[in-house]
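Both complexes below contain chain A, partnered by chain B and then by chain C.
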Partner chain A sequence: MATVEVRDLRKRYQDFLALDGVSLKAESGQLVTLLGPSGCGKSTTLRCLAGFLEANGGEITVDGESILGTPANRRGFGVVFQNYALFPHMTVAENIGYGLKIQKLPKPEITTRVHDAMKLVRLDGLGDRLPRAISGGQQQRVALARALVLKPKLLLLDEPLANLDARLRDEVRWLIRDLQQQSGITAFYVTHDQSEAMAMSDMVAVMKAGRVAQFATPREIYQKPVERYVADFTGEANFIPCQSVTPHGEGRYTISAAGVTLELAGVPGITGPAELLLRPEALSLTTPEAGTFRGTVTKSAFLGAALHCEITLNDGSVLKLAAEPNHHVVAGKEVGIAIDHTHAWLMPEVTP
Partner chain B sequence: MTLRNPKLLLAIPAIALIFVFMILPITNMVEMSFRTPGESAPFGDDFTMMHYDRILSDGYYWAVLGRSLLTAGVVAVLCLMVSYPIAWHMSKATGMKAVFLYACIASPLMTGVLVRNFGWMIAAALNGPLNEVLLGLGIIERPLRLLFTQGLVILALVHVFVPFMVLPINNALRNISPTLVEASSSMGASRREVFRDIILPLSFPGIYPGMILVYVLAVAAYVTPALLGGQMVSYMPTLIIGELTGTFQWPFGSALAIVLSLSSILVVVLFTALTSRLMERSKA
Partner chain C sequence: MSEMSNTFPHQKPVNIGFGILIVLLYVFLMAPLVMIIGASFTNGLMIEFPPQGISLRWYFEFFDRQDLVDGLLMSLRIGAVTAVVTMTVAMMAAMAGQVISGRLSGWYQLGMTLPLLVPELLTAVGLLFFLYKIQMAKTVMGLQMGHILMSFPYAYVSIAAAMRQVPDALEEASQSLGATGWQTFRLVILPLVMPGLAMGGIFAFINSFDLYTISLLLKPLGGNTLPLALFDFLTYEFKPTAAAAATLSILLSILGVALVQKLVGLQRAF
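And then the complex of A and B:
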C-alpha cells in the first residue's frame, strides 16, 4: 500500500525538546510499533504523522513524497485514538459513515460500505445505537471501522487498547492485527505495553527521550537489545557487569563476569565497559558443581506455573529466574545456574 | 413530630421563600385576572372572563404581544450570533487571559440598569457620540434618529444579555474533547465541516440554556423598552405596568401579564420540543 519514511523528525515545545531526530521506516503493509514510556515522544511522532502537529524539522514521506505540507484532512490516513473519539451525537453507523459523507459519496454506497465495515469488526445490528449505549470494546471497534472504511493509505493507532480491560484488550488486539494484515495497510501503533508491541509488530521502535533507541524486529529488540534501556523496557532482564571484554570477530566476545569466563555474542563494536544480559528464560537451576554461575538463593516465591527465584552471585549481582515449580528451592541454599549461551547477550554500558 | 427524611428540613427555607414570594402572588394575580373591575377597590367582587375576551378580541393587544415575542426572539438570535465567537475564544483561554475575559464578559451586568440605559440615551442622542462618529467617518450626512427606535431597544438588550449566552456556550465548548476535532479532520473534514458537524451540534447544550435565558429575560424586560423605546412603540411589559400603575386596572393588567407569561412559556416549550432530538444526542 504505502511505504512511509520518517527522517530526523524534530519537535520543540517552548523549552522542551519532544522529538530529537526521530528516524523510522515502515515498508508497505508493515505494522510498526512505537514503544516507550510516557513522555518519550511516541505520541508526538504519531501526531506529526497524522498532521495534528507541525514538526520543526525533518521529513516525512509517503511513497517517496513529502506530506509535511498536506493538512491532516487531506492526508487520507486513518487515526484510532486511545479515548476512541467517537462523535457522541452520531449513531454507530453515522460515525462510521462520516468520512464517506464528507467525500459526498452517494447514499446507497455509504450504506453498503458502512454495513460491510460493521460486519468486519463484528458490530452487526448496533448501527442505530449511540456510542454511549455500547461497551468500551464495541466503541473501540467502531473507531477502528470508522478509520478502515475510508481505505486509508496509513493507519495510525494511538494506544488503542489502553482504556480496555485485560480480556477485551486481547480480543481487540488480534482484531486489529488481523484487519491490518488482511487489508495490507501500513500501520503505526503507539503503545507503552511491551507485550502488545511484541505480539503485533513487524518492526518495533523503542523510543527514549525523543529519540529512537533501537528500531528492529520484535525478536531482535528482545534478544539483541543495543542498550540496557531497551532490554529493560522489553521484558524481565538480568544484568551482570563484565570485568574484561575481549572482542574477536564480528560481534563475538570473550568476557569474564562474576568470576566466570564466557564466550558469547553481543552488540558489534563494543570497546568500553560492557554488561551481560541474561533473560530469565536463559537461566536454569542446577547443582552448584554443574552450573556456570554459583550463588545463594535469597528469595523464592511460588507463582503457580513457575517458581520465581532471586539468586545472589558471589560478586553481589542478583539474577532473577523462573524455575520449574516443583523444584525444591529454599532461601539460603547454594545453587548452580546453567545458562543457555544462545540467549546470553553482551551490551555496552551506556549511562542512561 | 418525626421526619422520615431529615434532609427535607434543609429545603424548608427555600420552599417557604418560593411559596410566599412566588406561588402566593401568582395565585393571587391569576385570581385577580378573573375579577370584575372595582369601583373604590382594586377589583370587584364578581368573576368574569371579560379581560381575556378584551385582549383576545382586540388586534392591538395581539400586535403588542407579537412585537414583544418577536423582539425577544430577535434579541436571542442576535445575542447568539454575537456571543458564539466570544464564547469560542473564551473556551480556548487559560490562566489570567481567561480571568480577564470573564471580567469583560460580565461587565454589562456590573452597571445598574438605569445608569446603563441613560448611558444609551446619551450615546444615541441626535448630537451624541454615536452620531458624531458616524458623521465624522462620512458614513451618514445628517444625524440619525436612533433614540426611541426598536433597533436601539434590541441593541441595548443584546448588549446586556450577552453574558447569559456566552457563559453556557463557553462551558459547552470546553466540554468538547479536542480529539473529536482531530478525529473528524483525519476523516477528511475541513475546518468548516468540523464546525458544522461536530462543534456546533455538540455546543447545543450551551446554546439551549443561553437562548432560553435571553429570550425569557428579553420578553420580560421593562426598563430598557420603556426608556429607549419611547412612547411610539409599546411592549407588553410597558403596557402591563401602565395598566397597573397608570390607570389602576389591576384585573386587566393581571390578565395581560398572564397572557404574556403563558405565551412565552409556549415559545419555550415549542423551542424545547423542536430541539429535543438534538439536545438528547448532544448532551454529555
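And then the complex of A and C:
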C-alpha cells in the first residue's frame, strides 16, 4: 500500500553516532526486517520511522513524499512495541478501539471494527478483560489488533516476539506474517533473531554499528553475504582464509585455500585478501581420497538428528559440519570433505 | 489498621518479635490520638484522660466560639485552594521532571523538594520580606502563597512517584494511534497517575491544615487559621474545646484518606 524509502538517515546522541547513513527501501506490501545485535541502530531506525525520534540528517519518504515534518500522531503508522505498551486501565476492547475513539468515529462503527479486529487475531470473548488478566501471547495480539484496526499505511514492529516463550513465538510469528500479507501492509520488523528474520521477511537489512551492512533477500543474505559479519550473524558458518585470489569474469574467482585450488563465485570486485565461506550444509564427509579437503576429526557429537563434527584441515583451519547421524566418525580419524560448489562463496576480508 | 496490613499482600508472615515491635509502634503513634479524642468527649472542665463522663458539650462550645469557627473556615478554605493549586503545579512539575535526564534530574528533584529541607521559619521570614516588597504582606493571598509553597513538595513527591510508574512506551503508543499530546494526557497519563495525584492533593491539604509557623508570620490582619486560633485559645483557657477542635481535625484527615480509598483505592495510592 505504500512504498517507503529511507535515505542516508543519521542520528547522533551527545557523543554516540547511533545511525551513520542508513538507506533502505520497502516496496509496497513488503516486510522488511532490520536485523542486528543490540546497539546496531535497528531500533533507532524504527523510532525515526515512527516519529518518536528526530533524525539529524537524511530523508524518509512514503510514496515519494517526505514525512520528516509530520509528527508521530499524524503519520498514520501502526506501531507494535516489545513490551506491548497496552493501556493498563483500559479493557482489551478499549485498547483496540482507542485509535478509533481518537478519530471520533460513531460508537456502533467502533464496536463493529473492534469486534472484527479481535476476530482477526483470535481474541473473541476477551474484550472485557484488562490487559493484566490475559497471557503474554494474548497481550501481543491485542497490541497487533490495536495497530491494525486503524488500517495503517505502514506497520512498525519492534522485537514483538522477544518477551514470548518459544512455542508462542512461533505461533504469533506466523500470525503477524499472515495478517501482514492478507492486508498487504508494508511493514518494518526489528529483531536480533536471525531465524525470525529469515522466515518472515521479503527483504533483510543486516545492520552493523549504525549502518546497513547488507540489504537483500533472506536467501542472498544467507548464501551470498558481503562480509563475514553478515555471514556470522545469519547462521552457522566456516571461514577459510585464501592464499591467492585470481578474478576472472564478474564475480568468478580461482582461489587457493588450505592447499587446494578451487573455482567459485563470490562478491564481485574483490581485489585484496579474501576468505572462503562454507556453510555446514555445503559440506559432506567422504573418504580422504575423494574429498576436496583432507583433515582430521577433532570433535564429534551425536545430536540425534545429526552428527556434529569439527575437522581440522592441514593448514590449521577448523571446519564444522553436520554429518548423517549413522556415519561412523571418531576423533583422530582422517577424512575427506566434499564441497557443494554452488554453496561455496568468496568474500573480501573486512576488518570488523 | 487492618487496611494497613493488607497493603503488602505478598509479604510472608513476620516473626513474633517483629510483630511486637509493630504493635508497639502503633501504640506509640495512636495513643496521643486516642487520648485527645477521648478527652474531647469529657463532661468535666479539664482536658483529661480518661474523660469524666460522656458529653458533646465541648463540641457545642467549639461551634459557639466565633474565633475558633472563623479559624476553621479559614483553614478549610486555604487548604482547599492549596490542594487544587498544588496538584496542578506539582503535576506539571512532575511531567517536566520526567523528560529531564541525567545529572540534571537529581538537582531538579532536590529543587522541587527544597521547601521541605529549608527550616520553615527561615522560609517564613524570607517570604514575609518578599511579600512586603510586593505589597502583599498580611493578606490572605500572601498566606495562601506560603501554604502552597510549603505543601508543594508533598504533592510533588507523590505525583512524581506515580508518574515514574507510567512507561514512556504508553505515551508513544498513544501518539502512534493518532492522539495529540493533550488527548494522551487526558486519556492515558491522567487516569494512571490519578491515585498519586489524589494522594498528593490530600497530603497538601492536610499539610496546609496543620501549618503553624508560616501562618503565624504571614497571617492576614484580623484573620487566623485554626492552629493559630487554637494556640491563642489554649494560652488563656485550658478547656476541652481544644480537644474537640483537634478531634475534628483528625476526623477531617480520616475523611481525606477514606476519600482516596473510595476513589482510587489505597493500594494503588502508595
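Assume the second predicted complex is superposed on the first by the 352 of 352 C-alpha atoms of A that agree within 3 Å, B and C clash if a C-alpha of one lies under 4 Å from a C-alpha of the other, contacts with A are read in each partner's own complex, and residues count from 1 in each chain.
By our rule, a contact is a pair of C-beta atoms (placed from the backbone, for glycine too) under 8 Å apart; a residue touches a chain by one contact, two chains touch by 3 or more.
Quick caveat: nothing in here was measured; it's all calculated off a predicted structure.
Asker: Do chain B and chain C fit side by side on chain A in the superposed arrangement, or is it a clash?
Answerer: Taken together on chain A, chain C would clash with chain B, as the superposition shows.
Asker: Could you say whether A:88 touches chain B, chain C, both of them, or neither, answering first, second, both or neither?
Answerer: both
Asker: Report for A:130: first if it touches chain B alone, second if chain C alone, otherwise both or neither.
Answerer: A:130 sits against chain B, while chain C stays out of touch.
Asker: Name the contact category of A:78: first (chain B only), second (chain C only), both, or neither.
Answerer: In the superposition, A:78 contacts both chain B and chain C.
Asker: Classify the contacts of A:103 with the two partner chains as first (chain B alone), second (chain C alone), both, or neither.
Answerer: both
Asker: Check whether A:52 is in contact with chain B, with chain C, with both or with neither, and answer first, second, both or neither.
Answerer: both
Asker: Touching A:288, do we find chain B (first), chain C (second), both, or neither?
Answerer: Neither partner.
Asker: Residues of chain A that sit at the chain B interface in one complex and at the chain C interface in the other, please.
Answerer: Residues common to the chain A contacts of chain C and of chain B are 50-52, 71-79, 81, 83, 85-89, 98-99, 102-103, 146-147, 150, 156, listed in rising order.
Asker: Write out the stretch or stretches of chain C touching chain A in their complex.
Answerer: Chain C reaches chain A through residues 167, 169-170, 172-180, 183, 187-188, 191-192.
Asker: Please output the residues of chain B touching chain A within their complex, sorted ascending.
Answerer: 177, 179-180, 182-190, 193, 197-198, 201-202, 278, 281-282, 284
Asker: Provide the residue numbers of chain A that touch chain C in the complex, in ascending order.
Answerer: 50-52, 71-79, 81, 83, 85-89, 98-99, 102-103, 146-147, 150, 156
Asker: Within their complex, state which residues of chain A touch chain B.
Answerer: 50-52, 71-79, 81, 83, 85-90, 98-99, 102-103, 130, 146-147, 150, 156
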